[in-house]
Each structure stands twice: as structure tokens, then as C-alpha cells.
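Here's the structure, in C-alpha cells; my notes come after.
First chain written, first letter: the chains are A, B, C, D and E, and each begins at residue 1.
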Amino acid sequence: MFDSALIPKGVKRCSFAKFFIWVLILHIPVLIGTVAAILCWGLALNQTYLNNNFPFGLWIAADLGIIALGGGAFFTGFLRYVINIKELKNIVNYAVVIGVICYAAAQGILAIDIGQPIRGWFIFWHANVHSMLTEVAFCIMAYFMVLCVEYLPLLLENRQIFKFSVPRSFAHHLHEAMPTIAAIGVFLSCFHQGSLGGVAGVLYGRPFAYREGFLVWPWTFFLFILSAMACGPCFTILITKITEFFAKKKLVKKSVVGILAKISGGLTTLYVLLKIIDTLGWFGLVKEAGAPVKSFYANQPYGWWVLVMEVIILGAIPALLLLNKKTRENEPILILACVLNCAGIVMNRWIMTVQALAIPVMPFDKFVSYHPNWVEWATTLLPLWVGAIVIMLSYRYLPIFPQERELNPY
Amino acid sequence: MSTSEEKERNVAGGEQRTEGSSWRFLVPVIAFFAGFLVFLCIGWGIFPKILYSEKQQPIDFNHQLHVDEMGDCEACHYFREDGSFSGIPKSENCIECHESAMGEHPEEAKLIDQYIEPGKEIPWLSYARQPDCVFFSHAAHVRMAGLDCMTCHGPIGESEHTRPYQYNRLTKYSRDIWGWNIAGIKTNTWDRMKMDDCAECHEENGTNQACFVCHK
Amino acid sequence: MFPFAFEWINDPSHFVFMGGFYFALGGLFIAVNYCVMRALFDWLCKGGENHNEH
Amino acid sequence: MKDAHHKGEGHQEGHGTVYKYGMVINLDKCTGCGACMVACMAENNIPFRKEDTNDRLTQNFWMRVYKISNGGSFPDNDICYLPRPCMHCEGHGHHNRTPCVTVCPAVATDYNHETGIVSQIYTRCFGCRYCMAACPYHVRVFNWWDPKWPEGMEEYLNPDVSPRMRGVVEKCSFCFHRLQRARNKAYSEDRREVHEDEYQTACTQACPAGAITFGDLTNPEHKVYELKKTPNAFRLLEVLGTNPKVYYTSSRAWVRKAADVYVGKEGSGVTHT
Amino acid sequence: MKLDRRAFIELTVGASLGAGAGITFSPLPWKLTDDVAIWTQNWPWTPVPSEGQVSHADTICNLCPGHCGITVRKVEGRVTKIEGRQGYPVNDGGICPLGAAGLQLLYGPWRVPGPVRRVGKRGERNWERISWDKAIAEVVTKLSDLRSKGKPDTVACITATDQGTVPQLFSRFMEAYGSPNYIRTASAEDTNELAMKLLQGKDASVGYDLEKANFILSFGSGLIEGWGSPVRTIQAHSKWRSGNGKKAATVVQIEPRLSNTAAKADMWYPVNPGTETALALGLAHVIIKDSLYDSTFVNNSTSGFAEWRKMVMSEYSPGDVSATTGLSAAKITNLARAFAKAGRPLAVWGRGKGTTPGSLYECMAVLALNALVGNINKSGGVWTTLRSTDLGWPEVPQDRIASSGNGKPRLDGAGTQNYPLVKYRPDELPKIINDNPEAIQALLVHEADPYFTTMDTNRVAEAFEKIPFIVSFSTYFDETAQHADLILPNDHYLERWEDIPSPVGFHKEVLGVSRPVVDRQFDTKHAGDTVMAIAKKLGGTVANAFPWDDYEAVLKEAMGADWDTLAESGYVAKAGSTPSGKFEFYAKPYEPIELEGDSYTQPLTLIPMELMRLASGAIGNPPFCTKTLEETELKGNDLFVEVNPKTAGDYGLADEKYAMLETYRGKAKVLIHLSEGIMPGLVGIPKGLGHTGYDDYLAGKGVNANSFMGVVEDPVSGLSATWGIRAKLTSV
């Protein structure tokens, strides 16, 4: 094959032609997304269906969702390097790759979402330390650097680069320092996952989203961390399964996936319990403010089903599925549980942002609903396709899965 | 290159080195420092030249002569009765004396036949022009704080010739705003009139630093 | 972002926030530089022999 | 190194006295004529578009007059007009917690303790719109388009207010530029305080019904000081604790009840016409 | 040293790392990031208004008959703000939305840049600029040709009002030229003046002392929606509301729809539309029966009371009236008693903003109510405000052609035997022209937009086609100007001297003079100068009729003694001269005004709604005002008609859905707005939309309410008394 010198030793990859065709196919949605992004930058944000009632729309909901799903990177890293579960060595690399893609995606979407991207760096230079968004920006940028540093050794282990002695020893030393780097990553991630929760939680002007809290932070701060830890690994498992499906070969042992699933199940259950307690506490808080909770769910698309779906169907059920061994071991049920868990988290992000804005606060406010238009969808999915391309490249040229050679001897 | 030989070389991990001498490692180091120096010079030397461009004032105005003649700055740069500042005088102020030539200075001749006669405004390029988002109240600074013009405008009163008006191509700000020294080192107060300089002075005197004090 | 900035105020929230941030960034910076230095020293002093396990 | 919080009391003391500018709007006098909206747009260079009437949610209004109804059926139906400028919320506690100021990541908006006005700096704002999510009164509007005036109409733009560019959030500033001019006048007469009649907002001045009164809420000589204490006075979303500076008075009970978050019996919220 | 591949890589990596470090330690990247951010703060396409000396100037707003005093704020030569003028006797500092948006009319792209001649067909909006002399020459050739053919009376002239020097110049020109057809646009003033002629025998109009009244009974007048002088009336309303605690006045609104006035009123009585006169007479019945009327005034200052009393007492008992109006008898009796017992009661007439003549009988019935409680020419009452149209100008010299032309009867039949007292009947013009196409050969239009404001727009369009030569003096490209052949643009009201007559409905006389506060923006000329130039070019007696050389001379002479105070302060408040003379009760029997269309195929009744934020007269709504329209009034390019949910239920109409509104006169697609504020069976349509002129900030938005309604002749006055039309609404 044309690029055989780059493919790691001892593994089989499809022909470069087939690979290149797939990359070209993926470039079509990427192109559409780029056109949408240029429209937003060029003609200003009137291209979307956002308006003064809905300053936050699909983009912010997707941002929060992607970063929650990307939580798998920091949590798997935490388990592997800090709690030292050696088994996870085989999947932490892939978690890092997914993390890099998710965080790059989040920053990409933010670059399109803000009205003046060229002076977006004001958030760092003139930082307002009390604002949750500042905290998010600082930590996402910092953790993205951590993720890049974690991704670096994988990059350096490419066959050609590995030939040079400097990169080789650099990669080796990076592995030695990885626990400290992962610890820093966990420290940062805990903060920004929490701040993303705080984004909605501090809005005391919006009774729907407002949660009192502990010292400075609202409860949503901790709920978001917990939900990211719970659903991150699920997302990693999901992407691994999808990659295995496309690669048509086993890449990670069942036992490794099993560990992640077990931990994720425990955390999801804890999250659902705390979420229910928080919701009940919130009912009390709102009643005391005089607003009957019924009115929050009176306007049509956001009826009571929303609460049931988010907490029960997409929360409790995956938790139970992941908790007991039998269902966790069974492959299709595991995938279903992961999908439900991830969908639950993304839905929670949508509710805490878009629905929080939809619920009228002043009694004489009119209820207005919002749905994203093609420009918003194209730009939100753009990082998904770019991510797919990056995964294909990493899978092809970098030794991501240590157990691959063991699982597919040839 | 057959696969076996290629595999064999791979396994060895390319450890045998070409026979070059031990100073081989100097090549990248020299390259590093060369690149470093070249771009350092570009950054510090050439970049400011490209970034700032220069224009001449329409008329080479002699401040010293006028100050001796008229007394002080307030003669031409006066306060209106509603407290706002008139800024650079209009050509009708000049007409009061220069209706007809008062000497045979070529600049005055230029003033008269290009601006006074056709009744056009003189398109002065204001050195201290702040951007549109800034509200600067001369009344607050001159009347209340008792600052003299020199603090912000420097010794322009004693200048015989108008220095060229340098402005930033990108932002269109006069160079007096962001500062003359590219490194941002400020020797006297009028070298730079950026937000930080205003903030610094406000800080020292404990005056109010709310946004809407200086912004509009 | 820096103590000399206009918005900077010496109060607990600034110290905590910026302190944590610079701590994390510093930690990362030190870790990476440590690896770079070690790699360079390996390359400079030991010159030839290397270890190809990774 | 500055030791006192520049936003806190210590630093903003400045030399002048401390004001707390606010408004009292008499909803019995307000006829819903909209002169306040037009005067505000004329004073603050607010752009307008041909397609403004297509979508009220992307319109740019600093002062918006809401038409509220008691939801009764004919002939017991009643409507009332409620002009809504920015509330310039003060929030509570030593470090006030104005909903939009605490959330702005780049300190583009700030609560000024000396005047009680929430400032919005358009060149600092990079349009993340978080403050729009935080404000329950829909006061903050976003420049979804680049403002464009038809040929020749840039003549009437007011130099005291800088026209904004696309991609930034803007809001009512209580016509702060008029306080800046009033201060200039005061300084030229060697005094620091600004009298009540020297600083009035454009909407207060234009209101044909004299329904809007503006002044320093803490100064007994100003009219608003007394008006805000009338029994019928109320504030929008009082229960949320935003501590807004705009008081409304109305002799009609249903109007007062339409102000707060469904306070009172269940479902007492009003529908809209 | 052998340059093999490895060395090359080492070289480039080393050099690029060095370059990177070099750049990072130089100011280049950081300064560029900062400057690019600053560039986004100063985009070249974001305007930067120029600074300068701020000055203020006082003048008078001429956008509606309210004539408020305004103060203009200027920066160097630019006008940046229009505000109400403090201390002006009419509006004392307040301003209305239209007045505040006046600068959009001064600087807008809809201004006529200079004299233009039409190129291509009418309404195609393409013009060619010509010089003033050529334009005037063209008008002169046309007019002198008509004169030579002995048909001077086929020239008509429409102006907004007949008071003030410029309208007088036009009427003097018409008289000197030889045409009796000088016509004023229709408004409630026509009926008020006619009523004053009939009941007081004076050439006067009706003024209301609103401020001092303490019981206001309004028959459908939009008191806080643009009636009379809008700002003055709104300020009066504030006085009624500011009894700090106890109410200063009680306001009763009689209207089938919950307008803003009805909402703010203390009591709102929704009567069946068209039965307001019956209610007035019913109230009179109760007042007389309980003998609560002011007998001293009635006995010695009125005449014909006995006969009127017999007519009222015989048919208008509370029982019958409640049957026709739909108001309970008890309410009628209590209302009458409350009205009569109030200290200074005042009954107000003039539906909506008073832009349509309305029924004369109704006006007289309301005035009779006021007479009953004896508040004629008293504080808090109805005042007869004398109208002086003669400015002491010399007699108009007429040559033979002129006198023969003037001898002919007026086209619109005003002043002929069947309409003896009426001065102008503008709404009749379309029918007259369509019946007799040669009737008008040339039309001059000044400060009016008949194409848009006259009822029955389709007939008006047909009529305009039949007029061969139309000259407009409009400052803007309004509808009439766009269908004219020649536009001789008048100066904008902020650019010209002009005397402003007393505001409508004001009980005192305030004579004002608007002055130029900004220099001319375009190649425009004062309409007075243009008319005089045309007259001078026509020569002969027409030229001699204008002894002045320019308009300013005309103004100075016309103002006479007041000129000095006017030049200095801009207005003169004259003491109201109270004319003596008896108040005559009009005892003829009353027949209600029947609407066009039949109730079987058109079951609903369409009534116009006049909104405060929507200019419905000759001036197009500026963009700021259109922007403030509620989303239940205009959405995109479609206007909403207001319908009661019950009616919508009966006819299958849904909220915010399209429906076809059809009347005898017109048909168009509209959106439905379900409102609990309108009486079932009624359809309310906002007046003032449906412009085709101006710019597409306003053109093409909504449908013109006038295109649905036709002229219903008032049996008593002969003016158009249309207050609605029968209509059909079918969902689309």
C-alpha cells in the first residue's frame, strides 16, 4: 500500500484508496458546515433562528452536551492514572482522542456562536472572575492544552516519527509524567464541567433554571460534574463500539469495557438519585417564590413528558441496565444503555439552556418556541465530521489500541 | 526495498547513525538561533514601520508664534458655555486675524488661498483623537482636576512645526494613542493615551473608574 | 488575567480563580518542559544509544 | 496593586455624591402612545430595518411598551400599557448581584455604585449573549444585523451616543450621555452635583402624558423619592430579588398583579391578548 | 556536511522553532491581535456622527393639525433630535411619536430631491430632474392653455386646510385664475364648522376646554389616540388622572371597541355602532325629564328649545334608546344624571382622530347636550373658536375669463342649492370625475395626499387616470405625488417660514410661526413662492393679484402687528373672543346613517380603527413609528383585522390566520386577530397602512382601510358620514 510505512507494525488496515474515498465522502458535510460557518461570520448571526428571546440555542446546548460527552477523557484518565486501574490502559488512549475532538469541537462552535469572534479573547484578557462563562473558557482552554499534551505521545509513536531519538525519548518521558498531567486534567475538568452547570444554575432571574446551592456554587455545578463523569465513559464505549463496527475487528477487550460500564452505571445511578432530590428541592424553592411549578410545564412542546423522559427513561433505565452484570455484559443492551445515557445528558443540557429561556418569566410574557435552522445544524455537526476524519487518521496511523495486535493475530 | 530488509531495518529502530562527526547536533541549534534572530528583528524593527504610516498636516502650523501672539491655549482651544470643549479651532477662528496675509510666510499664503478664500475647513489631523467609544471631558480634567494641557498633549505649545501625523493602518488610531514606543515603555505622560494610562491616573487620584465615566 | 490589568482587584475570588488557573497551567508547563529537557539531555549527552521500548 | 474592589464602594466614591437614579412610571397616565419608544430610538441612534415588522423578537428596542390585558371577555376586557426601560437592577448584598453584571465574562457591563446605572460598553462586548439569558425582563437586545441607515439618514445621528456594530448586546443606558453633558455643564460652573432637571432621560422628556418621572431615588428633593412610596407602587418581578430601579404605579389591581411571578393564587398569571 | 533527508528535517524544525520563538518574543503577534480587535470596534461601515457646537432652536411641528411647539437640537448644521417645546401653550414639552420621528421625514430617501417630471406611465416611480424655471414654465403653459380655451374652472386645487397664508395664497391664485374649485381635505372640522353655522350662526369651529372639565363624556373620540391636538389632549387626560388619590375627573367612553381611550376611561359603554346619536338624545331625554338642565342658560341664551324638547321627549325614552343602542336603560339614566350633576360636564364629539366628517346630526346632538347643561363658552365647556380666513389682503382683480370661471358652480356641489351651507365636499370628487371625465383638466395638490386619504381608493384611482395634468407640491414621494405628472417640492416644515393656525379642538387661539431651523437639504422651494412664480408667469390679472415679491413679505404683512412677537418667540396666544348670539336647538327628526352593502351577504360590520402609533393622514408613517406597531396590528406585510372570538367562531376564522375581507367597495387578504376588546359582529381595521408611496419601509405593508369604504352621504349636511361598511370575512 501507498502509506504502509506509516501504519503501525503488526496491524492490518484497509487500502489507502478506500480510506481516501471515505475521507472525501466525509468532506461533503464538512464543506456544508464550513459554508454555514462563513455565512454566520460574514453576514452576522441573523442567518440563524436565534433571537432576543433565545440568545442561547442549539449551539450552546450542543457545546454543553459535547463537553459532557467528552468527560470520558478526564474520567478515564482519572481512573487509569490516579486510581491506577491498569486494565484501562487499553482504552485511555482512545478516550484522549475523543476528548481532543470534543473540546476542539466545543471551542469551534463557540467561535461561530459569539457575535464578535475576533475579539473573543477579551474573555481572557478582561476576565470577570465571578462569571461562570469565564471559568468555563479558562478551563476549557487549559484542559484542551492538557488533552493535546496527552495526545502528543500518541502522535509521536507514529512509526516514522518514532525513528528519531528525540521524539522517542520525549514520548517516553511524557508517559512517565502522564499521571501528573492527567491529575491536572481532572482538576481542571472538575471545575469547568461544574461551571457549565453553574451557567444555568446562577441565573436567579430565571426561576426555571435557578438553584440555590453550596457556598458560591448552585447544585447544578455538582450535578453537571457527576453527570459528565457518569456519561463520559458511556460515550467512549459507544464510540469504541462504532469504531469496531467500521473497522470490522475487535479493538478492546470485553473486560476493559466492562470496568468502564460498571463504574459508569454506579455513577449514573448516583446522578439520577441526586437529580431527583434536586428537582424536588427546586419545586419547593419555586413554590416559595410564588410561581406554581405547573406553569413551567404548561407550554406545549415542553410538557411534563420532558421531566419524565430526562430523569426516568434516559436516566434511571440506563443506570439500571449498566448496574447489573447480566445486562452489562450483553453487548447490544450495553450499547443501548450507553446511547440512552448520552441522550439523557444532552437532553438535560438542552433543557437547562433552551427550555430555561423558553419559559416566560414575566406573567405578561408570551411563550415562544425555538427550533434551530440548517445553518445551526450544519455548524454543530461540522466538528462531528471533522472528528470522524481525525479518528480515521489516528486509527490508521497511530497505535491507539494496545490490545489490537493481541486480539487480531495475523 | 523489499519488505524483509525494510522490516529488519525497522526493528533495529534506525539506531546506527550515519558516520557524521559529533558537531552534527549543532545544525538544528544554529538553525534555531538563526530563525530566532531573523524573526526578532522582523518583529521589532520592520513590523512597526509597516504598521504605522504617516501623513503631513495640511498646514505647517507654528504653535510657539501663535502662543506668543495670543497668550495661551484657551485663546483658540476654548470651552463653550455648556461645558463642552471646542477642540481644534475652525477656520472662522483663523479668519479673525488672517483675513488678509499678515506676513509673507509661505504657509500662511497656503492657508489663505487654499482654505480662507474658498471658505473650506482645514482638514487638521488631530494627534490626540480618541476613538468614537470614548467620552473625554476636558471640563472635568482642566476645570476640576486642574491638569494643564502639557500632561496629555505634551509640549505642543512650544513647537514651531507640526510633526508628521502617524497613524495605525489597521485601527486608524493616531500613534499618540497607543504609544510611540512599540515596546510600550512610557517615559513621560503624553507618550501614550491608552485606557491603561487613563486608569493609572484615575487610580492615583482615586477618581471614579466606572465604565460610563469614560465610555459612550 | 494579570495583576496589572484594569479589572484586577486583590480579593479572594481573584486569588482563588487565577491562582488555581496558573497552578494548573504552571503544572502542565513544568511537566511538559521536564519531558522536553529530559529528551534533549538524552539526545545531547547520550548521543547514540537509545531505548526503543515505549 | 489596587487593594479595594474597583467596583466596590471604596473605589468608586469619586468626588461627587452618590446618586441612585431610578424611574416611577404612572400606568394610569400612560396612554401607550409610544412616544417614549420613538424618542429613545432617535436619541440613541437605534437602527431600524424594513423587515422589523416581520419578527418582533429580533427588533432592537431599548424602551419597549408592553400591551398587557386582564384576559377578561367582552365587555369586561381591559388593557394597559407598560413601558419597560432597563431596570438597572441593583441586586442585593455588599457586592450587588445584578443578574446581568455578575454573568458577563468580559466585564462589558458593570454596575456603577455612584449613579446606580448598569453600563454597557459595546466595544468590550464580544456577543456571547449570556447577559441576555440572565435578564428576566428581555431588556437586552442583540445586533443580529449590522446597523444600516438609508442614504442621507446618518445626518440625524447623535454624536453623544456611539452607534454600535453587529454582534454586540445593547440596552437602555438611562441616557447616561445626558448625565455626562450635565456633568460638563456643572463642572464649567464649578460644582459637582447635578440637579434634578439637568439630567432627564429622553423618554421622560418626550412623554406627552408626563407618566414617566426620573430622578435620584435616594434624594428627598427629587419627585421620584415620594412617588415610589405611593401605596399603588410596585416593581416588576419583585419576588426574584433583582431589586430593579423602575417603579410602576397603577390604580388597577389586575395591573399590579400582572407584575410579579404569578404571585398569589394558582394560575393568577394573566394571558395575553 | 551531506545534506541528507534527516539533516534537512532537523534544519527546518530547528529554524521554524527559532522563528516561532523569535516572533513570540517580538511585539508583532500581540500587537496584531490587539489591533485586529480594535479594528472590529471601528469598522469603516459603522457611522461615526460628527461632533460640534450643540444648539437648540424652537419651531412648530406641522405633521398634523395638532400644531405642537417643538425644540430642535442641532449639532453644528445637523439636526439630531426633535423634542417638545417647554412652556408652549399647546403641548408644554410633550411630543407625540410622529413628531419625535420627524427627522426621518427630513433626511429620508423619500424626500423629493427637486422639481421632477414623470417619465413613463403614472405610478412607475421614474422621474427626471428638471430645473425650477422649466417646471414652472410647463405648469404655466398648461394653465394658460386651459384659460385660453375658456375653461379655467376645470382646474381644481386640493390643500389640507384653508387657514394660514399659504392655503390662502392658493385660494387667491384659484380666484385670480378663475376657478371656484378650491377644495380642502375632508375632516371632522367640516361638520364642526357646519354645526357652528347652524347652531350659532358663526363662521367658527368647536373648541373644548378639556383641562378644566371634571366629567368627560366622549362619543367615540380617540382622546388619547390622536384626537384634536394629540399631545395637548393626552396632557389633559393626565390632569384628569392626577387627582393624587381622588380622581380629578371622570371619563366615560362610548365606543363599540375597547380602544386605548376606552381602556383608560373610568367607564366604557360599548354601544351598537351608529347609534351614538340616539344615545345622546336619550341622555337629553333623561336630563330634561329630571329637569337637571341649566334652565337659566336654556331660557335666555338658546332658541328653538321647546320644539327640540318635544321631539326628544316624544321618541327618546331610555327604554327605546336601550333597544337601539344595546345599553341598559338603567345605565342610560345613571349616565345622564351623573353627566348633568357633574360640576363642569363636557360632551366631546369627533370619532377617532377626527379625520372623517361623520354625521352632522350626531355632532349637533352632542353640542345640544352641552347646551343643556349650559357649558357653552364657559370654563370646562365647549367654546366657539372664531375662524378668520381673511388676512386683509387687497381685493382679487379678475379679468373676464376669471369672473366667468368663478361664476360657474363648484364641481363638488358645495354652496349650490342642495348643499347651501357646506364649503367643501372633497369626498365627492372621485364620483364626479368618473361621471364626467372632462370635469377636471388640471389638479394642484398641496400638503395633502387625496390618492391615499380619500375613501373608495379604487374609484379614486380611476378618477386620477382621467385627470390629464396633476401637479403635486409634496415634500415626499407620497401616493398622489407618485401619480402626478410634475412635482414642485415644497420645503420640509423644518426648513421654512409658515404661519400655523390654531390647533384643532383648542379653545384658545394660538397663532404660531414655524421658522427654518435647518438649511435646505434638497433643491426645494417654498410652496408660497412657487405659486406666486406661477401666477407672475401667467401674467395679466393673475400676476397683479400677487403684489408681493416673495413669501416672507407675504407673511410679514399678513401677521401685521403680531410679527415682532412671532419672529422672537414663535407664537402668540390670543385671548379667546367669546361671540354673543344664541344657541339654536336643531329640532329636525333624526334618521340614522345606513351603511353600504346588504346584511345578508355581508353579515359583519367593518369599522376603521385609528391608532396613535400609525399616522393615518397625508403624512406616511415614519419607520420608527411603523417599528412600534404591535404584533397584533402588523406582521410582515399583512395587517391584522380585529374580530371577537365569538364572531370568529361563527365564521370559521382562526387567530393569526389569513382571511379574505370583502366589502361592496374592495376586497383583500388580511390576517385575523382575535380580540376580546371588540363587540361581536364587528371587524376593526387599522387606518393608515396600505401605502404604495414612500419607501419600502412603509410601502406595500398592509391594506388601505379606505379601499374598503365608500362615501355615504349625510342626509343633513351632504358631507360623507361614512363610519364603516358591511363586510364579509371568509377564511382563506
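We take it that contacts are C-beta pairs under 8 Å (C-beta built on N, C-alpha and C of every residue); 3 or more make two chains touch, one makes a residue touch a chain.
If you're wondering where the values come from, they're calculated on a predicted model, not measured in any experiment.
Shared contact partners of subunit A and subunit B comprise C, D, E. For the interfaces D-E and A-C, the C-beta contact count is higher for D-E.
The innermost chain, defined by the distance from its C-alpha mean to the mean of all protein C-alpha atoms, is D.
Using the average of C-alpha coordinates as each chain's centre, C ends up farthest from subunit E.
Averaged C-alpha coordinates put the centre of subunit A at 39 Å from the centre of subunit D. Note: centroid distance subunit A to subunit E, computed from Cα atoms, is 62 Å. The distance from the centre of subunit B to the centre of subunit E, with each centre set as the mean of the Cα atoms, comes to 56 Å.
Centre to centre, using the average C-alpha position, subunit B and subunit C are separated by 36 Å. For subunit A, residues that reach two or more other chains under the stated contact definition are 116, 119, 122, 125-128, 130, 134, 162. Of all residues in subunit B, those that touch two or more other chains are 13, 82, 84, 131-133, 209. Shown for subunit D are the residues that touch two or more other chains, namely 2, 6, 59, 69, 107, 123-124, 146, 162-163, 165. Put simply, subunit E touches subunit B in their complex at residues 1-2, 4, 6-7, 10-23, 25-28, 31-32, 35-36, 38-39, 41-42, 48, 51, 53-54. Listed in rising order, the residues of subunit B touching subunit D in the complex are 79, 81-84, 131-133, 135, 137, 139-140, 143-144, 203, 206-213, 215-216.
In the complex of the two chains, the subunit E residues touching subunit A come out as 6, 33, 36-37, 39-41. Residues 6, 43-44, 47-50, 52 of subunit C are the ones that touch subunit B when the two sit in their complex. Residues of subunit D that touch subunit B in their complex: 2, 6, 11-16, 109-110, 112-115, 117, 119, 121-124, 160-163, 173, 176-177, 179-181, 183-190, 192.
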